[in-house]
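Heads up, the next two complexes both have chain A, just with different partners, chain B and then chain C.
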Partner chain A sequence: MNAEERDLQIHPIVPENVIANSKTIVDLHSLSSSLLGIAAGILGLESYTGFLFYLLGTLFVSFLIITFPMGGKPDVYVRGGLKDVVLADVTGGVMGYVLTWTLFFGLVRV
Partner chain B sequence: MSLPSKLLITFSSLLLAHACYSAHEHSLLSTTHPSPSSPASPSTSPSGTTTTGSSLPLDITLETLISVSLLLLGIVSSGWELKPISLRSYAGMLERGSVFPDGVDGKTTVRGRGIFDGLEDRPGFLDIRKQREEFAQWIKTHGDS
Partner chain C sequence: MAQVVGQQILRDPALFYWILFPITIVMILTGVLRHYATLLLQSAPKPLEYKAIREQKNYLHGINVRGNANQIPLSSFTTRKNYLVAAFQAGNFLKDPDAQGKPPANPMTDPNGMDQMMNMMKGNMMMIVPQTVIMGWINAFFSGFVIMKLPFPLTIRFKSMLQSGVMTKDMDVRWVSSLSWYFLCLFGLRSVFTFILGNDNAADQTMAQVQQMNPQQNTQQLFGPGQDPAKMYLAEAENLEVMVQHEFVLDGIEDRILATV
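After this line comes the complex of A and B, so read on.
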């Protein structure tokens, strides 16, 4: 029995709550990445600037998630703590971001 | 969803739509009138149709950034429920009755129970003789017709 298993035996967790919390966080991230894509399209960002904008926006959203629903204590609600809040579903978020980014880039600059 | 976050989402959505429309109008203006001040200047927009992002006025840029920030703030702060993952604190919340598991009605269940509600609600022994008598009665009354 390694250290992590022993820690789980001493401090058991509720799997349903872990799943529900991570689903909520992924929902928030995908919703906000679409909105960030709208902003990037309006601003007309291109190539690396756009991805840098996504990075900054995701960090901002993670900060908001930790501040508001979690009350500043991510370890209570997510197993991995801060890392799992920031890196929740990055690939899906980038997909949604690029989708709305290109859409609004094309809409605004006809 | 609370009222302040609802208002914030509505206001910032309007602001974002306005910023989008302004950027669109600005790009239309700069394509139809390429350079009204100095038409002969070759430095402004050599291709003639595409505009770069840096040509967006500062107020539209600021409006976009502020509206998106406010929109994200409104969405994140609009009452998302997270539950503590450690069994200790979650069971404590269940026993205090401050939270109920999914599918349990908070008004009808008694408070002061924990995560083992399923064990409490198990049916006892079935009275199979009584059920058989009831079935025999039902056969007598309905079976002949």
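After this line comes the complex of A and C, so read on.
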């Protein structure tokens, strides 16, 4: 048994906890991406500015998730560490963002 | 003619009230309806007879002993291993030991397999029927209206899809018809459903497709139709037997604890 396997035996990974944690992260991301879409639509951002806004917003939300609920130690809560917090359910987040962005852009600007 | 930069179109604001909002509300309500209909249509899994349960649980016992072998001392593990291997090889836990060696039953005639297939069919119907109906509804009532402007540019390729029913050659691709709003709702409403119905909702079709890819996870049947339990038991006995490496997880625990203080 090599060192990595032994470490996994001493600190086992419980799949239920991993699933619950990633669900919490995905929830936060989908809520925040919808809200970001509303903000972008009201601000009237177009094309690249809008996607850049989403990128910055998601990074900011990930930063908040890592700092406050996780206490700055993402490796304790998700397996992939930082990467899994930022990239959790990107496609779903972008879809929700585009939906609310388009809706509020249409409602406010056009 | 080249596209005019910043094309402006004057639209009746009533388009929003009579097209955009109805489509959105209908999409959301359909998702909610689909969620509850799926819950209602799911037949509760039939309770198995006790011999079938015994067969499954003992098989799981073997897997768990193998997976968590390092959590128990070597002597305990050896005792369990010897007992399980002997019982597995003798076929003590089989549902009907006489069926050994016979060809597996046809999954079409197995009532459990039929149940599973019916559930999958119901799930598929719940996806296909509302989608077809709503798309037909939108095509019948709302085709030909330009309702909104996308905040991002798209290539000309999307024109035929997003402006279906609008016969204007030079219009910017960013102006889209009602059908494209339907598609946006189709893909983007998952976050909305998460707020309304909670995380494990059945309202969204993308999630359902993922679940259909691996249906074994949420069925309580361990032995799928067409698999021979006797062979699986023999394989599991062999797996247990060849497991020679065993390292108790509490070995050296004193040093590890002392290292942390």
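The rule we apply is simple: the second predicted complex is superposed on the first by the 100 of 110 C-alpha atoms of A that agree within 3 Å, B and C clash if a C-alpha of one lies under 4 Å from a C-alpha of the other, contacts with A are read in each partner's own complex, and residues count from 1 in each chain.
One rule holds in what follows: a contact is a pair of C-beta atoms (placed from the backbone, for glycine too) under 8 Å apart; a residue touches a chain by one contact, two chains touch by 3 or more.
Predicted model, so just to flag it, every value in this text is computed and none were measured.
Peer 1: Overlay done on chain A, so just call it for chain B and chain C: clash or fit.
Peer 2: Overlaying the two complexes on chain A (C-alpha atoms) leaves chain C and chain B fitting together cleanly.
Peer 1: Calculate the angle at chain A, using C-alpha centres, between the directions toward chain B and chain C; round to the nearest 10 degrees.
Peer 2: About 80 degrees between chain B and chain C, seen from chain A.
Peer 1: Looking at the overlay, what does A:L107 touch: chain B (first), chain C (second), both, or neither?
Peer 2: Both chain B and chain C are touched by A:L107.
Peer 1: After superposition on the shared chain, which partner residues are touched by A:A3: those of chain B (first), chain C (second), both, or neither?
Peer 2: neither
Peer 1: On the A-aligned overlay, A:S33 touches which partner chain: chain B = first, chain C = second, or both, or neither?
Peer 2: A:S33 sits against chain C, while chain B stays out of touch.
Peer 1: By the touch definition at the top of the document, which applies to A:E46: first (chain B), second (chain C), both, or neither?
Peer 2: both
Peer 1: Which holds for A:Y77: it touches chain B only (first), chain C only (second), both, or neither?
Peer 2: Only chain B; A:Y77 stays clear of chain C.
Peer 1: Is A:N17 touching the first partner chain B, the second partner chain C, both, or neither of them?
Peer 2: first
Peer 1: With both complexes overlaid on chain A, what's the closest CA-to-CA approach of chain B to chain C, in Å?
Peer 2: The answer for the closest chain B-chain C C-alpha pair is 5 Å.
Peer 1: Across the two complexes, find the residues of chain A that touch chain B and also touch chain C.
Peer 2: 31, 44-46, 107, 110
Peer 1: Flag every residue of chain A that touches chain B in the complex, lowest number first.
Peer 2: Checking each residue of chain A against chain B gives 11-14, 16-18, 20-21, 24, 28, 31-32, 35-36, 38-39, 42-46, 49, 57, 60-61, 64-65, 68-70, 76-79, 104, 107-110.
Peer 1: Contact residues on chain B for chain A in the complex?
Peer 2: So the residues of chain B touching chain A come out as 16, 19-20, 23-24, 27-28, 31, 50-53, 56, 60-61, 64-65, 68-69, 71-73, 75-77, 80-90, 102, 115.
Peer 1: Taking the touch rule as given, give the residues of chain C at its contact with chain A in the complex, in rising order.
Peer 2: My answer: residues 11, 16, 20, 24, 70-71, 147-153, 181, 184-185, 187-192, 194-195, 199, 206, 245, 247, 249, 256.
Peer 1: Which part of chain A faces chain C closely enough to touch in the complex?
Peer 2: Those in contact with chain C are residues 1, 6, 9-10, 23, 26-27, 30-31, 33-34, 40-41, 44-47, 50-51, 92-93, 95-103, 105-107, 110.
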